[in-house]
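For reference, the structures are reproduced in the following blocks.
You will see two complexes here that share chain A, one where it goes with chain B and one where it goes with chain C.
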Partner chain A sequence: MSTRWYPIYQRGNPQLRVFLPNFWMKLVHPPPKQLPNTVHFHCSMEMTKYDIRNYLEKIYNVPVIDVRTKIILGKFRKDLGKGYVVKDDDIKYAYVTLPKDTKFVFPDIFEKSKDADEEHLKSLEEAKKTFKNYIHRNKSRPDVPSWFSI
Partner chain B sequence: MHLYKMHRKITNLKKILIRRYSQAALLDQNEYTETPEYPPILDMSLKARKLREREKLHEKIKNVNTVEEKQIALNMPRYYGWKCVMLHEDKVPYNAMPMIQCYTRSHFIPIEKLPPTYTESALTAEIVVKEIKNLVEDAICIEHEGVDHSFAVTLEKPVESQKSDALANVLVKQINRIITNNLADKVPHILSAQVDYDPRHEAFWFVGGVDVPSNVIKWRKQYPWLKDRLDEPVDRPVQYLGAPFLAMRSHFPLKPILEYSEAENPEFKVPKFTYKPDTVGYFHAYRHGTNIPGYWPGDHDEFGLLSYHGRGHILNRNVSFGTEDNLEALHCQAMLASFGWLLAQANYQGFTTYNDLTYPLVTQTIITDGQLWSFYAYQLNTILMHNEKIDENPKHNICFGTKPLKLYEKVENGKVYGFNEDVLKLLVQLYLNTPEEREYDLKPYLGREEQVIADIEDDNKRCWLEKRYKHLVSNRPKHLLLPEIYLWEKIYKIEHKTRFFEPNRRPFELGINPFKRRLNEHLPPYIPKALRPYPKHKKKFETTYYPDV
Partner chain C sequence: MNFVFRNGVLKYVAANYFRSQCTATKLNAPSNRIVHTSSTSYDLMEFFDDKKNWNETNIKVGRAWKLDELRIKSNTDLHKLWYVLLKERNMLYTMEHECKEKVRLFPNPERIDKVQESMKNIETVVRERNIAYYQLETGETGERPVEEVVNLFGLPEKYEKSEYMVPKFMNTKWVKPYLEHGLINSIAVKKFYRLYKEKLHNESRKARNRDYNHVQQLLKRFPDMDLEKLREQYPNVDIEKAMRTKKARGHYFPKY
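Coming up: the complex of A and B.
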């Protein structure tokens, strides 16, 4: 990503060629129950509707019917440790409408890691169980260290 | 004085001390019947109780006598107006057809010719077309080239669409004038019909079965008993706003296109649309629900014959939407306009969104820019689509519609080229569709003697209701600012309680939602002491006559 501030193009100026523009778009999981032909993006704050349409059509060959954008206020949260209220950055949302016969399904990126997660959970449950048993066994003799028993 | 008081005390004491009967009262023999009679067993679950409460409300609205009071009754629960889904006639987003069909419960049938009820008038129409063809051609030429039209341009819409609508507006008025002049001595209903120029068509109804907004889910999450009912759909208020160029109405309703029993035909299916209206591109606004078919209650000519609408908004649409979607947008506009107008008419007959129609109503809608004409015939069978009834209601509305047809190819040097007589014939056939008197009671839910507030004899009540009704449906902005939670309050008082030491005074701190305020929760106008009836009158405030619902 370039950090340069590019001047806005005025008619008559020499054409400006940008190697790495400040434009990015991030595909995000839509809130539940959206029309199947809409896709949600976060994008950089400088992008206009035309930029978004061109970005998707020219780079990714996505047929775009309509683009709606919205800037969402960043969340307010308490700073960890300090305790005062701070605000996160605002986010620009882009709602892109595809032709009505297309269907977009958000990809399941973490399909494989689900099994691993379940295994982790299982072992955690077992550890919890053994600890509970240990407490139950030694409830009549508090304050005795664990290495003391047979 | 004292004696009197003593006396009263003693009688009270007597009541406690003295038993006035010598034996237990005789049991009434009629209490016993052959078979035991039990009171109905009611489901006392929260859901069933709330449902009964709502049904009671619907029954109350049904029993209100006059049209205007029913409209006020619909608006009673909200002082600041309902948060309505706004359906503007001339703003149709991409792929809106499924939603509009569901919200108006209309089955759309594309047609080439008009439905069979129109075949009778075909011959007459041909004769009329021959007579008026030259006049219509002249009118088109004059409006295109002979007159230099100037119209006020607003910044809200692109100029191109405004130009198209303005030209269509004058053309439609000319063509209507020519046709009505010709038909006035041929068919009696045209002579007696009323013509509205630029009327105000508005309609308000409730649609159920829509996905729940996230704030409602958040609210439901705080109560354990609502845990398994998080996604239960809620009612959405819907407001239609339309601005036809011209509308004609008559004293009797048009004949139904199909039998009323056909309304329950399962072939006329309307797919359910549960997505939120914002996902399609519709917006919300706070406003009082209004049902206005272009005239006030009590008018002589209460039933619509036909209405003309513009299609300038098609020019504003994105090029990427494509021609197919533009055609669907026209169908959407026609369905909305027809449904909206008929619903408003039905409201003037005493039906509301809670009390269904008992007979079908019909209207004809024309969408035009002068050159392209599309014709629609719409039959309204049901207006019941709130949350409890949207799945149960077997009836559907039916809309017949043609594609846009060209009336002429072009206008050049004061001449019209490629004039299409068939299109003019279709238009004349719509005019020839004769309204008929119905045999049944058209206003079953209105009072016998009081049907509109003008019938009320009590002067105070009549004047108050008239003033309140007109003010309500004007939707004028409030005199005081709307309640608001400031951003600093949201940050420092609601999201992070950093000012806990301050007294709780704001509504959100007292657990009050100001937007849940009822319409009658306000102080009535004060009566100054000098104006109170002589000699002594303690009544400080004027009486209000809100319907009791």
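Coming up: the complex of A and C.
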């Protein structure tokens, strides 16, 4: 009777309750052409369509009209350095349809992020400066390793 | 489980506790208690972090919940906290995935570990309580029963029992192949088991010889060694015998 162990459901038994569900779901970016009331998820492999519906309705309070799922096989690829074959994890996709009038737009999270180039330049300047310092400090002792003095 | 949360239903009730960056806020301490009286938006936007954290490169959070802190909480509190953490974890997974898609660095990935640790600790505490309850009521732990069985390779294995729709003897699909290939009756299994035992025996024999030789070399190099210590460290080696061998005699005139 542990937290993760439930009795087999047989007809007539009381409904099984999940008290501490361990399922995860992540909302992922939809492809460009997508109806506004459809949301794409990745979810735990063990989740059924009913689980997904209950999860969203009970925990997130999101009304769900329809759920479709599919499992995509992880890719087989060769490891870049070693050359052995690696298999990526399989992913369970869930396509959830919300009511007709609702509209979900995936937010643009990095929309107004700080200018990345500027930051890179800044760190580059910093690195240049420290390197200059290091060269200057070791002018008279060229063979001394960098860890020797502070 | 059913008894611990007898009144629990799968319904998220902890909405007005706290949201993001909550891993270490204490529920009971009144000064730290954060109670949002306004209605929390149940929304798909809960899968995303707070808007102000979207472009941050460093998001500071507290530590994970410790076992001792969770032990003094009531079942209801734990139940609520579980859902808070579950949502937090989903949020972090979503953000991490989005960062990966957009080839950005995910700020403070250790947040995921902290949430996972907290969830693991909650499960541990619930389990402890469950065991205590079952032992009081039934005298058993209520844990999943474990049985020693002989597996397909003829080796002993610990099998965690689970429920089946069909009793064992009626389950022809399981019984037939098990009797044909699984038990030690099968020639293949017997052969495997013989070779396996040989391998184990060789390993132990080599270990014994290795120790014996090593002790001899030690005695050669350090003739005045503390024999008690040596005996303690190598209990399987006959030290007296090792001392008498040729290998243990050093390049010095023997003391007779």
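What we mean here is this: the second predicted complex is superposed on the first by the 93 of 150 C-alpha atoms of A that agree within 3 Å, B and C clash if a C-alpha of one lies under 4 Å from a C-alpha of the other, contacts with A are read in each partner's own complex, and residues count from 1 in each chain.
In this text, a contact is a pair of C-beta atoms (placed from the backbone, for glycine too) under 8 Å apart; a residue touches a chain by one contact, two chains touch by 3 or more.
Since the model is a prediction, treat every value here as computed from it, not as a measurement.
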**OP:** Could you tell me if A:37 is touching chain B, chain C, both of them or neither one (first, second, both, neither)?
**Re:** first
Original post:
Which partner, chain B or chain C, is in contact with more residues of chain A?
Top reply: C
Original post:
Is A:18 in contact with chain B, with chain C, with both, or with neither (first, second, both, neither)?
Top reply: second
Original post:
Of the partners chain B and chain C, which touch A:28 in the superposed model: first, second, both, neither?
Top reply: second
Original post:
Of the two partner chains, chain B (first) and chain C (second), which one does A:65 touch, if any: first, second, both, or neither?
Top reply: first
**OP:** Name the contact category of A:100: first (chain B only), second (chain C only), both, or neither.
**Re:** first
Original post:
Touch check for A:78: first (chain B), second (chain C), both, or neither?
Top reply: first
Subject >> Doubly contacted chain A residues - partners chain C and chain B >> reply: none
Original post:
For the complex, which residues does chain B have touching chain A?
Top reply: 93-95, 211, 214, 274-276, 279-281, 318, 320-321, 325, 491-492, 495-496, 498
Subject >> Residues of chain A that touch chain B when the two form their complex >> reply: 31, 33-35, 37-38, 64-66, 68, 76, 78, 85, 97, 100
Original post:
Tell me, which parts of chain A touch chain C in their complex?
Top reply: 1-5, 7-8, 17-22, 24-29, 39, 42, 54, 58-62, 104, 107, 109-110, 112-114
Original post:
Which residues, counting only chain C, touch chain A once they are in their complex?
Top reply: 1-2, 4-5, 8-12, 42-48, 54-55, 79, 82-83, 86-87, 89-90, 93-95, 97-98, 101-102, 104, 119, 122-123, 126-127, 130, 134, 142-144, 162-165
